[in-house]
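So, here come the structures, one by one.
Next come two complexes built around chain A: one with chain B, the other with chain C.
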Partner chain A sequence: MAETSTRIHNIGYRSYEGSRLGRAYARRSLYSQSLRGAYGLGRSAKSKVLPMLLFAVMCLPAAIIVAVAIAVPGSKDLPLKYTSYALYLQMVIGLYLASQAPQSVSRDLRFKTVPLYFSRPIERVDYVVAKYAAMVSALFILTAAPLLVMYIGALLAKFDFADQTKGFAQGMVSVLLLSLLFGGIGLVMAALTPRRGFGVAAVIALLVIPYGAVTAVQGVAYGTDNTGAIEWMGLFSPITLIDGVQTAFLGATSAFPGGYGPSAGTGVVYLLVVFALIAGSYAALMSRYRKAGL
Partner chain B sequence: MYNPTVARLTYRALLGRRRALILFALPALLVLIAVAVRALTGVDDKVAADLLGGFALATMVPLIGVIAGTGAIGPEIDDGSIVYLLSKPVKRPTIIMTKLIVAIAVTMVFSAVPTLIAGFILNGNGQQIAIAYTVAALVASIAYSALFLLLGTVSRHAVVFGLVYALVWESLFGSLVEGAKTLSVQQWALALAEKISGEDTVSSAVSLPTAGILLAVVTVAATAYAGQKLRRLTLAGEE
Partner chain C sequence: MTVIATESLSKRYTKVTALDRLSLDIGPGVTGLVGANGAGKSTLIKILLGLSPATEGRAAVLGLDVATHGSAIRERVGYMPEHDCLPPDVSATEFVVHMARMSGLPPTAARERTADTLRHVGLYEERYRPIGGYSTGMKQRVKLAQALVHDPQLVLLDEPTNGLDPVGRDEMLGLIRRVYTDFGISVLVTSHLLGELERTCDHVVVVDGGKLLRSSSTSDFTQITATLAVEVTDSDTHPDGTRALREALVTAGVALHPGEEQGLPGAGHILLVEATGEETYDIVRDTVAGLGLGLVRMEQRRHHIAEVFRDDQQQGHQDPEAARRAAAWAANTAATAHAAQKGAGTDG
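Right after this comes the complex of A and B.
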């Protein structure tokens, strides 16, 4: 009797037969979503304000420079080098990184969504690479856009084409290096804490404090005619590292006191330190996510 | 107006685990630089005043103020755990006052003490420079804490706005636009330092009575408004 009353009902479960988009697709999605998120796209209106405002603040001086260069009769060149631009606006770049790096990684840690990412067909390396690449791209857009404005303006003003293109290319290499360095540092600091506020403070502290310290000590060294020490001090803060590299290799004018930037020989050390920091940030992120959120 | 339990919780939120690292790193760096500069140049009143004014008072004090001021209340509002505190029979202004006292204490300890030590290392308190900047750091701690605590209750991006004020407004606009200096905590604190040390080593853009009045007004108004703000706090979701 029991045999006849039990029965398996078919309630219409079906197996998935569509195409599996796979690991590369998941990685690409994570990258594009993180990049959009860094400018507040796809997020609430309130979270668009800050990145868009900083982007506008970043581009405005470039537009003014171009306007002035075109308005002044007989000018042959832009009043500011492409490579100097990011150095002047380093505070804006710092604030952008400090506000967006934590939103990119801290929330995943705080709401414990990291394990959910890894339930998809992505590996730890995909997550780290996608987040790192997105942050670097966002910073590159932020720093390269004003240079592009300046370049287009310079071409419209009929400044020397070869000269401008060379300067523009040097500026591009410099801001790419800056984006790689800053993005790495910012993400490492942000990934250390699930609290967004502390992440912001940690990122800005790491950018501003060493810079303040280096500039103060360089000023003292300059004031006491100890000029040989100045080029070595620059190794100890992110922005002076970039300054040093572009002074040595990219024809930039150093912002160090008295213009005592590093020579090509010292520049190699600068370049090595920059690459070591970039590789170090990547390694630190990889080890951070070994057990994150589990 | 002071609740020991709230104070204990705030101390733990500020100084617990890795957060204290940022707070310790800054003063340690200042003392390190002071030692390096002393070794490099010897005793020099001008260098001492430049370093204490340029690094300690202009960079370190506001940063510690931002971390302590917003850190005292910001994270709790951010993760919503403030509701457990608000549902207890403790007056909202008392919560703000307690958190303010804690923030001021933390900022003072981490900014004024290293300033004093660095001042003595740099020139052994010649021309009262160390004392002058220590007093300035103490006074600035109060105003910064009150200001950034208010920011913490008003905005989710308190740290960013605090940094914009401390770094962009005070340093950048303060050096470009003369009028902006009148509305700068740093200059108010410097007015006091000027009084102690004499005009040839420290100079401020505002006079002492103006600075005193503005300091008091800002501190009291910010605290009162923060208390009001907390009375009708709406918790927003994550953006």
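Right after this comes the complex of A and C.
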């Protein structure tokens, strides 16, 4: 003990003989740093405000739903399906993604920190995987937390356990898919530019403009009784893709006009498009960082 | 022991040849890699870190092949880039801890090593403040710290003195020297200024147009013959002390450097004496004493590396093309070194 306390005053250089945990550990470190960063942890107090606020906004309606369900006598189920929750709060999810995806990747590009990462034991694939996984995890926490609140509330209210568990599980699968899809396209948009502001704008544009267009065209199709076209329109915006997949496979009620969601057959196409977009996002990120090395 | 070895290493892009059959053998110590902008220095560093495949040839760092062991090399090597690479909104401590973990250090070790390393590069209380508020000199220290934090066996420093004022430049060069002498870490440092490397490096490698121009130890470059600068006072018996001394020295058979130093303050009063051995110092001392003059200074003045280049091409040791380029470039560097010397004061 005495030995170590005297060492404090020894200002000579000490070499490091301890363990070096290598590439997998470095990748995990980057993942946890990026995930924490997505909620402002380990960053300035100012950068904690927005993610924490959005997280609270995301969870608050769930808490109200639970409170109402418990307070209303004789209720047998939650007033809202688990799978519908993310659709109703898609603006909050969009804002979160638009603010945090550029934070995660644009900063490294803008301040040219990327070359420092690549001078470490990690490879390009480790950087992309760590950043992607961190963004997906952050989105999953954001979207799964309110569902968990609803599920716990439903169990406290002694609603049917099997029903609730099934609904909750379907909701979880849905938000996981949503996190993978949104995380991927959000990071690709953000990684296109070192400018954070452009990144924010690009992400919002990608989520809002196709959704607005799809909804408008679907509305027209519904108004002119072309209901068969409605289920195909949903392929062209991220959130309606998720809507379609969960309507076809996860027992969700579609938010499409008139509830004309895709059938199981069309649903396969939805699922393929979602997987193609996720794989495409990953490939786009990999090629983006081929040039961004040193 | 060899730290860096390359064998006919070439790197060709579609239009440019960045490296052209470069063969190097670099041992432990501080090695300077000198070349004009675009000479292939950064390309070489990229290849040595295993980040960019060579078009042909082989390279090994610390005995590991760069083509197959990139990850293992990067675990044992530190890299300080030329450009800015620091996020402004985090503190130096947070940033360096993160970079230490990216090199594989466990969390506790990363924190301890960060505190140690930042102290060694000369950052104290300010290390808890966001990097955005740092001066250029402090940022360069943080960049150096992140390259040293995992206790590498070799650091690659790309233009570490870029953007620093003369004092900051000297401090950085001193620090680089200490990285080897005190920390035992070998250094490869690039610069386009020969003058600044001759003070820091044990060995200098000069590349131009992706080709090896010259590789030898700094003492070979600069200490072929030592030159003494001597300045004396005047006295009543010898109103022009310098002239009296010159005549006396010539009589004593000491070789004087033909050209007196030009353009420096007090140039007319400095004699440049060629020291052939220990006895030259005694002769100068005795001659000055014999004349009854005051000896203001007698100091060793090294040749500048650039002068060696001029000598080389006068002797026609190199092929005409390389010599022509070297001459043009040496003239440039000499001018720069001269200007820097003028700025820094009279001691060479």
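The criterion applied here is as follows: the second predicted complex is superposed on the first by the 277 of 294 C-alpha atoms of A that agree within 3 Å, B and C clash if a C-alpha of one lies under 4 Å from a C-alpha of the other, contacts with A are read in each partner's own complex, and residues count from 1 in each chain.
Just so we're on the same page, a residue touches a chain if its C-beta (ideal position, glycine included) is under 8 Å from a C-beta of that chain, and two chains touch if they have at least 3 such contacts.
Given the structure is predicted, the values throughout are model-derived calculations rather than measurements.
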Q: Determine, under the contact definition given at the top, whether A:30 touches first (chain B), second (chain C), both, or neither.
A: second
Q.
In the overlaid three-chain picture, which partner chain does A:204 touch, first (chain B) or second (chain C), both, or neither?
A. first
Q) Looking at the overlay, does A:107 come into contact with chain B only (first), chain C only (second), both, or neither? A) both
Q: Examine A:290 and indicate which partner it touches, taking first as chain B and second as chain C; both and neither are also allowed.
A: neither
(Q) Contact-wise, after the overlay, does A:50 reach chain B, chain C, both or neither (first, second, both, neither)? (A) first
Q | First (chain B), second (chain C), both or neither touched by A:123 | A | second
Q. Which of the two partners, first being chain B and second being chain C, lies in contact with A:216: first, second, both, or neither?
A. first
Q: Show which residues of chain A both chain B and chain C reach, each in its own complex.
A: 43-44, 47, 107, 111
Q.
Please output the residues of chain A touching chain B within their complex, sorted ascending.
A. 43-44, 46-47, 50, 91, 95, 98-99, 107, 110-111, 192-193, 195-198, 200-202, 204-205, 208-209, 212-213, 216-217, 219-221, 223-224, 226, 229
Q. Which part of chain A faces chain C closely enough to touch in the complex?
A. 11-16, 18-23, 25-26, 29-30, 33, 42-44, 47, 107-108, 111-113, 115-123, 293-294
(Q) If we count contacts the way the header does, which residues on chain C are in touch with chain A in the complex? (A) 42, 45-46, 49, 51-52, 70-72, 74-75, 77-79, 81, 83-90, 94, 98-99, 101-106, 109, 113, 116, 119-120, 130, 146, 150-151, 182-184
Q | Touching residues on chain B, where the partner in the complex is chain A | A | 18-19, 22, 25-26, 29, 33, 36-37, 40-41, 47, 50-51, 54-55, 58-60, 63, 66-67, 70-71, 74-75, 78-79, 157-160, 163-164, 167-168, 172, 238-239
